[in-house]
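Heads up, the next two complexes both have chain A, just with different partners, chain B and then chain C.
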Partner chain A sequence: MKVLGFILQKEFRQIFRDKTILAIMFALPTIQLIILPIAANFEVKNVNVAVVDYDRSSYSQKLINKIASSGYFRMVGNTISYHDALKLIEKNDADIMLEIPQGFERNLVREGRQQLNMSVDAINGTKSSIGSGYLTAVLADFNKELDVNVKSVNSSAFTQSLRIDITYTDWFNPRREYKYYMVPGILVLLLTLIGGFITALNIVREKEIGTIEQINVTPIKKWEFILGKLIPFWIVGIIVFTVGLIVMYVVYGIFPKGSIAVLYLFAAVYLVALLGFGLLISTISNSQLQAMFVAFFFMMIFMLMSGFFTSIDSMPDWARKFSYLTPVTHFIAVVRLIVLKGSGFWQVKTELLYLSGFALLLNGCAILNYRKTS
Partner chain B sequence: MKQLLAFIRKEFYHVFRDKRTLLILFGLPVVQIVLFGFALSSEVKNIGITVLDNAHDNNSEQIIYRIKTSSYFLLRDPVLSFRDIEEKFKDGSIKCAIIFPPDFGGALSHFGKAQVQIITDGSDPNTATILVNYLTAIISNYQQQMKPAPQLSYQIIPQIRQLYNVEQNGSLNFVPGVIALIFMIVCTALTSVSVVREKEMGTMEILLVSPLKPILILIAKAIPYLVLSIVNFIVIMALSAYLLNVHTRGSLPLIFGESIIFIITCLSLGLLISNVTNSQQIAMLISLMGMMLPTILFTGFMFPIENMPWIFQAISHVIPSSYYYIIIKAVMLKGLGFSYIWKETLILTGMAVFLLTIALKNFKIRLS
Partner chain C sequence: MKNNVNNKAIICEKLTKQFGDFKAVDQISFDVNQGEIFGFLGANGAGKTTAMRMLCGLSFPTSGKASVAGFDVYRQQEKIKASIGYMSQKFSLYENLTVSENIEFYGGVYGLSRSEIKTRGEEMISKLGLGNEAKKLVGELPLGWKQKLSFSVAIFHKPKIVFLDEPTGGVDPLTRRQFWDLIYEAASNGITVFVTTHYMDEAEYCNRISVMVDGRVEALDSPANLKNNYNTHSMDEVFYQLARRARRTGD
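And now, the complex of A and B:
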């Protein structure tokens, strides 16, 4: 136990002496947590529409006004021809182009039906499907209005139809604000990045500089060495996490709905797992550059598969199973559940088992992998 | 010239001796392409849903059956009380619940009107919106089938044409994004340690007493990574064409040229970081930790830039990858020519020159 105390003393001195790294460890996540959630917004608004009106009738004008006043769209350009509108799409200034053909009003009144051409920039699937969905809805609405205008003359023809009224409520976030979804997730990602990178670089740095030899010739046991590396960064991680929670409350007004003690319990176990992962990489690698790239490689996969960017439920089966094999996935899920929904310990206890498993496995490997002889 | 070649050779040795880093370098794009192409999708399916059916009649069961058979939902065990719904939300097994009032079918057949309540998990707003749309569609579909609504006497029929992406290939949007992301991070990180590493190891002294000019030292440092990145680029293009069926519409030489400009920009940024920092740790923390999330966010392929507040739009204007993303999208996916992207090309070139100059200015030829 006394030996461990000495290693800790050494590690803490090393951390506190390098002021730049210390500043980076705290400032980088804090600043990013303040800024990034504002930028990370999946919401689709401001769909740009270019209308080509070949008809120039009162109906087409009405339709254009309706689209413009619907609130979803921004009308761009005063385009006269198909070619001008296509240019706008090519330049990314327009997302949808609507063509109102000649004879639109006449055909509608005489024959009761008329086609409209809608061309959508389909490269961004989400935007194009939501945008064309909105526009179709506006068209249908316009259609109904025309219909009602005519029908009011002989409203007796209106037959009663079935109607199921749907009411819906959004729990936990009644106004569907994005920050609730994003901020806890970004907090976890930042904690993961800083913890993973710092530990991945740590042991290998001693190897590169050569100071690891001095440790190897002492009677320090392997587990003491790994634990001595783990504990200081664990404390740093807990502080970063706390700062993150404060930022979340002060800047975004999100206060955990569930028990803070449970949240910290999970953070504590998660950090052990994460730092163990970093140390494992560090014991395997030969140079800092290598350690950084190996760490980056896995972090990237963990982040993409974590359910932060896309929902895990929608992944194919193999990918879903794979995503459960990364600790980040579990921790993001737990933080979201506790912070946003106020889930209790018993509702998330299986996640704790997963995280503890990762913690034991990764640190065990790190201890086994640390060799005193080369 | 001969000296420069010797230096370049030295740098190549450095790179090729580190097999693991080399492996990661080429493994990264492959894994990303596979993940983005096959695992990640912005589509919403298999979402957990539960039913609180107080009616238990024909109509409610038919609707439940339709929900069950749709691929969007995964029907969990039905619940018996309102409290259970909350419980299920909290253990994370459902994202949505649908409640039928008692006498749902009766109200529907007698009064032609009935109510259904949907509860969604608002903590995930995007999914909530999509789920409500799906459920509304399923229910109104059912209602149509029970009793068709009278036809409108006027019909406007929208014909939707999907430009640039007729087969609705979801990979199309992210391939340019992934290319931009990989270069931005990998190139910057690689060169960001190149100079500072020599400082840390003490070999810097040897470089400084050599007769080579500072600019040539920097160029020699960047060239191996430039070559590697170009090979990497070819690998990514081949993968996206053969694995994901994303084919290039525009001119290949143009894409190639633009990519080289972008790679040089990133390498210069890395050199700059390397010159102003004192340890590899700091250099790498800045280039990876500091750049990873901003690059993901501000390139524009995950989160639309035009939705952001103006200050972030301004930030995205100083991030090189956002221009490269625009260029690649225009040339590769829309098949446009140089006349559409000259402005972005000019900005990128400007950035490259600017960063390289600053890096050179900051290259100290005296050890402190």
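And now, the complex of A and C:
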């Protein structure tokens, strides 16, 4: 125990002496947490629509006005031919092209029906499907007004069909704002990067300089050395997490709905798992470059498979199973549950089991892999 | 063997380290007496560092027997580590810690108490004449001072044996002389010194020297006897005659 005290003293001295590392640990996460959620935004806004209006009637004008005033669309050139609109799509200036044929108003009034043509640039699948969805909704709304104003006048009032009215409420994120989903995720990501990379690099750096050999030739116990490395970075991680929570509250007004104690309990266990991961990487790498690439490889997988950007439920079966094998998945899920839904300990206790499992496994492997004598 | 342990610091019998087909160290046998300054010579790539790492408990031997400070190199490595000091080829104090912080850390790691560290540390700093530099980062010191400090840290916990792997590489002649004064002082305090070097004048300072060629110990005697045996006046010449037999290429 006495020896551990000396090791911790040395580690803290080194951490607080290195201004770059300090900046990386505290300033970068704060700045990233402020910038990233604004940019990493999946909300579809400003869909560029080119309307080709061959009818030029008051109805077609009404429709165009309705689209323009819905708030999701930006109208680009609506007095052009089909050919010109196609060019706009090719040049990436327009995302959706809506073609209103000649005789639009006449057919609607006389026959009660008229087809429109909507062409969508589908390169960005999300944008195209959500954009065309919005547009379809606007059209449907327009349609309903027609039912009242045109069709019901023309046909008899008795044919009104049965219909189910649906009212809905959005829970936990009433305005469906993307930032509520994203900010907790980004916080987890930053914690992961810092926890995973900094331990790995720190130990490998000692290998590179050669001080690790000097350590290995002392009677230091394995657990003393490993705890001496883990504890300082665990504390740093908890501080980063706290800073992150503060930024989340101050900048985004998100305050955890659930218990802060439970949140910290998970963060504590998660950090242990993560530091074990960093430690494991450091035992298999001989240079900081190697460690960096190995860590980066896993980080990429963690990030894309963890449900941070995309929903795990829509992954294929194998990917979903795989994603449960990364600790990040579980922690992101828990943080969202506690922060946004206010879930209590009993609702998320399985995740704690997962995280504890990862902590044991990763640290166990790291300890087995670290050898004072080769 | 038990009886020998008391007056021998190191006993090596047919100690071998093999990497695949390559025998880095090939059945070396020698003893080192307590309090002796033992020079461990050999060309680059002759296997000195590998042998030394086995004796320090940093690497497992492939075969053979050895004991250091009475402890077995296969099973009691951690006990060996507690009773030796080691100064590696690479400078291995923390450059981003100050002189006294390094002393404090290594002293603590070897289990000294804070008060011991304080008194002995001050003593050591004044002996090295580093009084004004104690609060400076070690990275800012000149190489010669770093090496002297590194050696003093290696014997700070009063080990039975100290292993020095090319401690004076790149150091100026005056500092080398001062360095050897420190070694003599350590030896007179009863510390056994096991040192590798490429400087033949330094070899002459040793009580006995061994010369390794291609992983084997080819000669082992006092510098005077070796010169007699090889009919020459200089250790340089002894080394040339032995090293010329090498088949391996140095690194």
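Points to keep in mind about this one:
Just so we're on the same page, the second predicted complex is superposed on the first by the 315 of 374 C-alpha atoms of A that agree within 3 Å, B and C clash if a C-alpha of one lies under 4 Å from a C-alpha of the other, contacts with A are read in each partner's own complex, and residues count from 1 in each chain.
Quick note on the criterion: a residue touches a chain if its C-beta (ideal position, glycine included) is under 8 Å from a C-beta of that chain, and two chains touch if they have at least 3 such contacts.
Not measured: the values here are computed from a predicted model.
Touch criterion met: A:Phe197 reaches chain B, while chain C stays clear of it.
In the superposed model, A:Tyr264 makes contact with neither chain B nor chain C. Within the superposed three-chain model, A:Ile220 lies in touch with chain C and out of touch with chain B [touch as defined at top].
Look at A:Phe12: by the touch rule set out above, it reaches neither chain B nor chain C. In the superposition on chain A, A:Lys372 contacts chain C only, with no contact to chain B. The partner that reaches more residues of chain A, of the two candidates chain B and chain C, is B. In the superposition on chain A, no contact is made by A:Tyr72 with either chain B or chain C.
Counting contacts by the rule stated earlier, residues 18, 209 of chain A appear in both its interface with chain B and its interface with chain C.
Across the interface of their complex, chain C is touched by residues 2-3, 5-7, 9-10, 13-14, 17-18, 209-211, 213-221, 372-374 of chain A. For chain A in complex with chain B, the touching residues are 18, 20-21, 24, 28, 32, 35-36, 38-46, 89-92, 108, 112-128, 132, 135-136, 139-140, 142-144, 146-147, 150-151, 157-178, 180-181, 186, 189-190, 193-194, 197-198, 201, 205, 208-209, 285-290, 292-294, 296-297, 300-301, 304-305, 309-311, 313-316, 318-319, 322, 333, 336-337, 340-344, 347-348. Chain B meets chain A in the complex at residues 18, 20-21, 24-25, 27-28, 31-32, 35-36, 38-48, 74, 86-87, 89-92, 95, 108, 112-129, 132, 135-136, 139-140, 142-143, 146-150, 152-166, 168, 170, 172-173, 185, 189-190, 193, 197, 200-201, 278-282, 284-286, 288-290, 292-294, 297-298, 302-304, 306-309, 312, 315, 326, 329-330, 333-334, 336, 340. Contact residues of chain C toward chain A in the complex are 56-60, 77-79, 81-82, 84, 86, 88, 90-97, 101, 104-111.
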